[in-house]
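Below are two complexes that have subunit A in common, paired first with subunit B and then with subunit C.
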Partner chain A sequence: MSMHETKSWPAGQGTMLPASMESWNHKHILDLDDFSREEIDLVFEIADGMVEILARDVKKVPTLRGKTIATMFFEPSTRTRASFELAAKYLGADTVSLDAAKSSVAKGESLIDSLRTLQALQVDTIIIRHPCSGAPYLAAKHLETKIINAGDGCHAHPSQGLLDIYTMRKQLGDLSGRKLVIIGDIMHSRVARSNLWGTRNFDIKVILCAPPALIPYGLKQWTENCGLHHVSIEHDLDTAIEGADIVMPLRLQKERQQSGLISSMREYIRLYQVNDARLSRAKPGAIIMHPGPMNEGIEINHDVAYGKRSLIEQQVTNGVAIRMALLYLIAGGKIR
Partner chain B sequence: MKKNALLIKNARIIDPANDIDMIGSILIKDGIIQQTGGSITDSAPQIIDATGLVACPGFIDLHCHLREPGFEEKETVASGAAAASRGGFTTICCMPNTNPPLDNAATIDYVNTLAARESGRVTILTVGCITKNREGREITDMSELAGAGCVGFSDDGSPVSSSRIMVLAMLKAASLGLPIIDHCEDLELSHGGQMNDGWVAARLGLKGIPAAAEESIIARDIVLAEMTGAGLHITHVSTGGAVKLIREAKSKGLKITADVTPHHLTLTDERIASNPVKPEESPAFDTLAKVNPPLRSAADVEALIQGINDGTINAIATDHAPHTDEEKLCEFELAASGISGFETAFGVLMTLVHAGKINLNTLIARMTIGPSRVLINRFGRTGTLAAASPADIALLDVNRQWIVDKNNLLSKGKNTPFDGYTLKGTVVATIHRGEIVYRNSSPGIAQ
Partner chain C sequence: MSEKILLNSSDIERVLVRIAHEIVEHNKGARNIAFVGIKTRGVPLAQRLAKIIQTMEQVDIPVGSLDITLYRDDVSSLSFKHVVQQTNVPFDITNKHVILVDDVFYTGRSIRAALDALIDLGRPETIQLAVLIDRGHRELPIRADFVGKNIPTARNEEIKVYVSEVDAVDKVAVMRQEGGKNEHA
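On to the complex of A and B.
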């Protein structure tokens, strides 16, 4: 797939669908565990067109005109929510945003009732973020409305996984034989989990690097049982980062120290912070990614975060393009 | 009360207590078994031709939740009794985690009053609390609870964390000749846990409950039971390591007994991610399979079956735990733990018999004389078809297929992970104290 080929769709009037569109088979986007390589390539192909739209002065196309997209966030979020809402608006959809943490839940309404209300309001697609793993699956099971998972508990964050891989590909081209190191709180990371599923068809090696208490007990068996043979675990960062092409530190929540999962921030920084010295062990030209928001000075130091190898801002921009592509595929009436 | 005579004939009589497995008849009069054998010539006004059916002692359940008082929306003593009868149970022991809890004689008396109304169909016994308000801080007036008729002591669901309190409770229970019925869980290790700590938890991003949370407390309480001389009954064993600990303790001659649930014997933690009757919903995050202790791995299931077969595990108990639909139709982490188990227990367990993993006679033993012996015959001579025993009998069709439909359950709790499963083996009739209290007359559930 060429990164630079220009596309006339979906902006143009005579919208031309990619030839491989038949491979798309999702009503909802819940995780990347059921995404084929062809489907991921399709998302990327459409995202390339979206990147082009994002570069314009007037970032508005009528593709989803008349569609209503609701964001329902049960967890504080600024970037993911803004990313999805802008993606929807750039495609011409109407958006409604429910700050679920403050509204119905406070009145004791159950998740399923809140969702049914949205469905009754004739919303076409619900984008849901929830602190409980599996919450979007409850929605998909009991509603007719299309659901996009914008992050559920420690389980999945499919749009983040896609934008991460998209960013890697844009920067590195072919990912074959590349080495990705994900560092930090794997235990509680939906980003890490979705990246594991998403990368499995890319002939890439993934090394998960964390203190033992932040690796789920069953992780190794999960990777073995589910064909994630490209994944391995390494507790020592200096070893893990050796020859890496992509270095991805994860946000370390401060609560992890209170619950004793790490002994002190000081020790964590000493053992797991990505800084210039550590990065010198990676491959020359290795890239830095972070799902945000960063704890500068903890999992990553300032120089690395804002250095020339950092793609953290590109991730944010690509995130909008990926979410536009997903909304196009899910909410666009032409496909199904 | 004058009761009519009843003759069950042509049944395959399986009575493990007396090592009987033969075709024959059972004669019942005044609620008591008169005679069990191959050549009964007496007749009776009421005759059941049980050709093709198994007749065995009525099932005894050491662990269930009837939710009354306090949680009548989940279950009542009456609805629970109806469900138990349908499941072939004639004696059930209800746990004390009601509201208020059964931590004093007055609440036990109250439940006994409700139970007495159901005494025509099932014998309901109570378990008393170990500690006041199940808080783990002060032991209850256990002699008073024993006086009110409780069969043992348990803080089920809120295990006693303090070793010192457990020692005090065991000393008292030992002096009363009653067992501690132990829900073994290290609450610090299990804190926040949603399911078995294994690969499915890692995949689903749900916090795990390690096997060690159960095993470490079993190990502690075996040591404490040895020290105090108390009878210790370990309930709803879920891990292979637990079976091993219990086996070793028993080999030392300690007064340790144990039970396991039908769901722990037949399901693994993978059931949370996928449902064989709804394969399209995957991962399912199925709250119907959320239970405490959690469903474990396939290796644990094999070890539990081994424990049933070699006698390490004395009894099968349902841990019937009814909940409302709302408590299950929610986020996995917020969902209530528990499975409504009375009505599916036998059919579910028969899958193990049909698969050749457990012998039918062993299964029946663990549902009848096994639990009866845990209760030390103190509460009636149950679990046997010997003459002069109460006529508590289950009539079973081990080959009849049916499809579980949760909406047809008599229990108020429709929370079964077996909904939609095709099971082979059903309770055809339940006889309690000589009266037919349940008869399977609903072709709707049968194929």
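On to the complex of A and C.
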């Protein structure tokens, strides 16, 4: 079996919900494939209110007082975990943070048993990151507790997808007719995948740009099957970046490169690094985003990462507001 | 459901002018006062009051808007939830006389939430409450300092305030529904 077959693009459901604000009834947040445009707009509207709280001296509201939110991360993370925990704290919830490496998982406890223990501890929401695609779905199936997917394998990272689109909207306004280029390790990127689902109702063009070996086998077919007609693939970065409004290089996941998908790091940098020369081909006023963490000098150079077009730090701030909105929305109750 | 008009556009204007005078009288002038309207319809009412006093006293009066959604006492109950909107109080409320403005004063729970929301933003010298309509049925020990009109109501009636900035028309109406418990104002 070739490597491409073992790492084929995960299948999505692509179900569309009835489009109205009253239709918000996500108990869990697992991926953006079941989010309507209206639901995404609702998340954004609430996030606008949360941004104001983040700007206050006293960043605390009592909304989720008495609720407990647990983060359980089976993979390393800085920003996502801190972002979720601060979002919960700013809304007044209590948080408990479990590090899988130091928990009973290290003694051989199964995922479901660990999560059941949290449920028995009366935790209201579990935020889970796991190296296996689908782990949060398994959790949602077996538990009564609400589950938020904070990244599962190469599959999905819904809160990142939302904060990316939110950041684009805040900077560019209407996204109609805009062109987003996502560059690099598409194969392993749950961020790219959640962005594809998230942008599908925004009349935006998405170009995935990577060497052929970093594009999952069957991706073209998959996007067509899922109705993601706004997505195309381009292997040449100079062509892809032409006239782009949003340029989003992804982290080259060095821990997942042992299998020789790229011939050499030097070649990758030469062909796929986003630098000033390449950026000059994009639209004037184009913005730079990166889901982090960055490998500075590999997929992005220093000047671009910290230049005036970079929104990388805004993404992090907006991420807290988006996660506050999500925690608020799944806390129970229907939207009036 | 039957609708009866209680105040028309010029009634509302007269009521606001009277409240504005009461506020100035009570505070011995308009120095150091600020208005904060509770979303949605308290905000245009606060702006109108500020404008009247500005013309009267020739001073600038800051106006802010307060969204109390995150401070409500029913957020995590399994009933209903409101869309969070933006709070915008672009001035420091500390040491100011803050006049909180709302359209309908009912159970007092919105005002309780608004007091918490306001106190998170600073420490005002005083907080005073101005409402267009007081319909009674308090559930908390809270009273208004300035009342446009007292309208005794039954719980199955609904008081609806329309303001031109939001609803394209100025009026106050009472609606009677058969049975059913009303939402908390």
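A few remarks follow.
Operating definition for what follows: the second predicted complex is superposed on the first by the 307 of 336 C-alpha atoms of A that agree within 3 Å, B and C clash if a C-alpha of one lies under 4 Å from a C-alpha of the other, contacts with A are read in each partner's own complex, and residues count from 1 in each chain.
Here, a contact is a pair of C-beta atoms (placed from the backbone, for glycine too) under 8 Å apart; a residue touches a chain by one contact, two chains touch by 3 or more.
Note that the structure is predicted; figures quoted are calculated from it, not measured.
Of the two partner chains, subunit B is the only one that A:221 touches; subunit C does not reach it. Looking at the shared chain after the overlay, A:111 reaches subunit B, while subunit C stays out of its contact range.
In the superposition on chain A, A:62 contacts subunit C only, with no contact to subunit B.
Judged by the touch definition given at the top, the superposed model places A:41 against neither subunit B nor subunit C.
Residue contacts after overlaying the shared chain place A:134 against subunit B, while subunit C stays out of touching range.
By the document's definition of touching, neither partner reaches A:234: not subunit B, not subunit C. Contacts of A:154 after superposition on the shared chain: subunit B is touched, whereas subunit C is not. By the touch criterion defined above, A:75 lies against neither subunit B nor subunit C after alignment on the C-alpha atoms of chain A. Taken together, the two structures place no residue of subunit A in contact with subunit B in one case and with subunit C in the other. Looking at the complex, you find that subunit A touches subunit B at residues 31, 33, 110-112, 130, 132-135, 137-138, 141-142, 152-156, 188, 190, 193, 216-219, 221-222, 224-226.
Across the complex, subunit C is touched by residues 21, 42, 45-46, 48-53, 56, 58, 60-64, 66-67, 91, 325, 328-329, 331-336 of subunit A.
For subunit C in complex with subunit A, the residues that touch the partner chain are 67, 69-71, 74-88, 116-117, 120-121.
On subunit B, the positions that touch subunit A within their shared complex are 197-208, 210, 281, 283-285, 326, 329-334.
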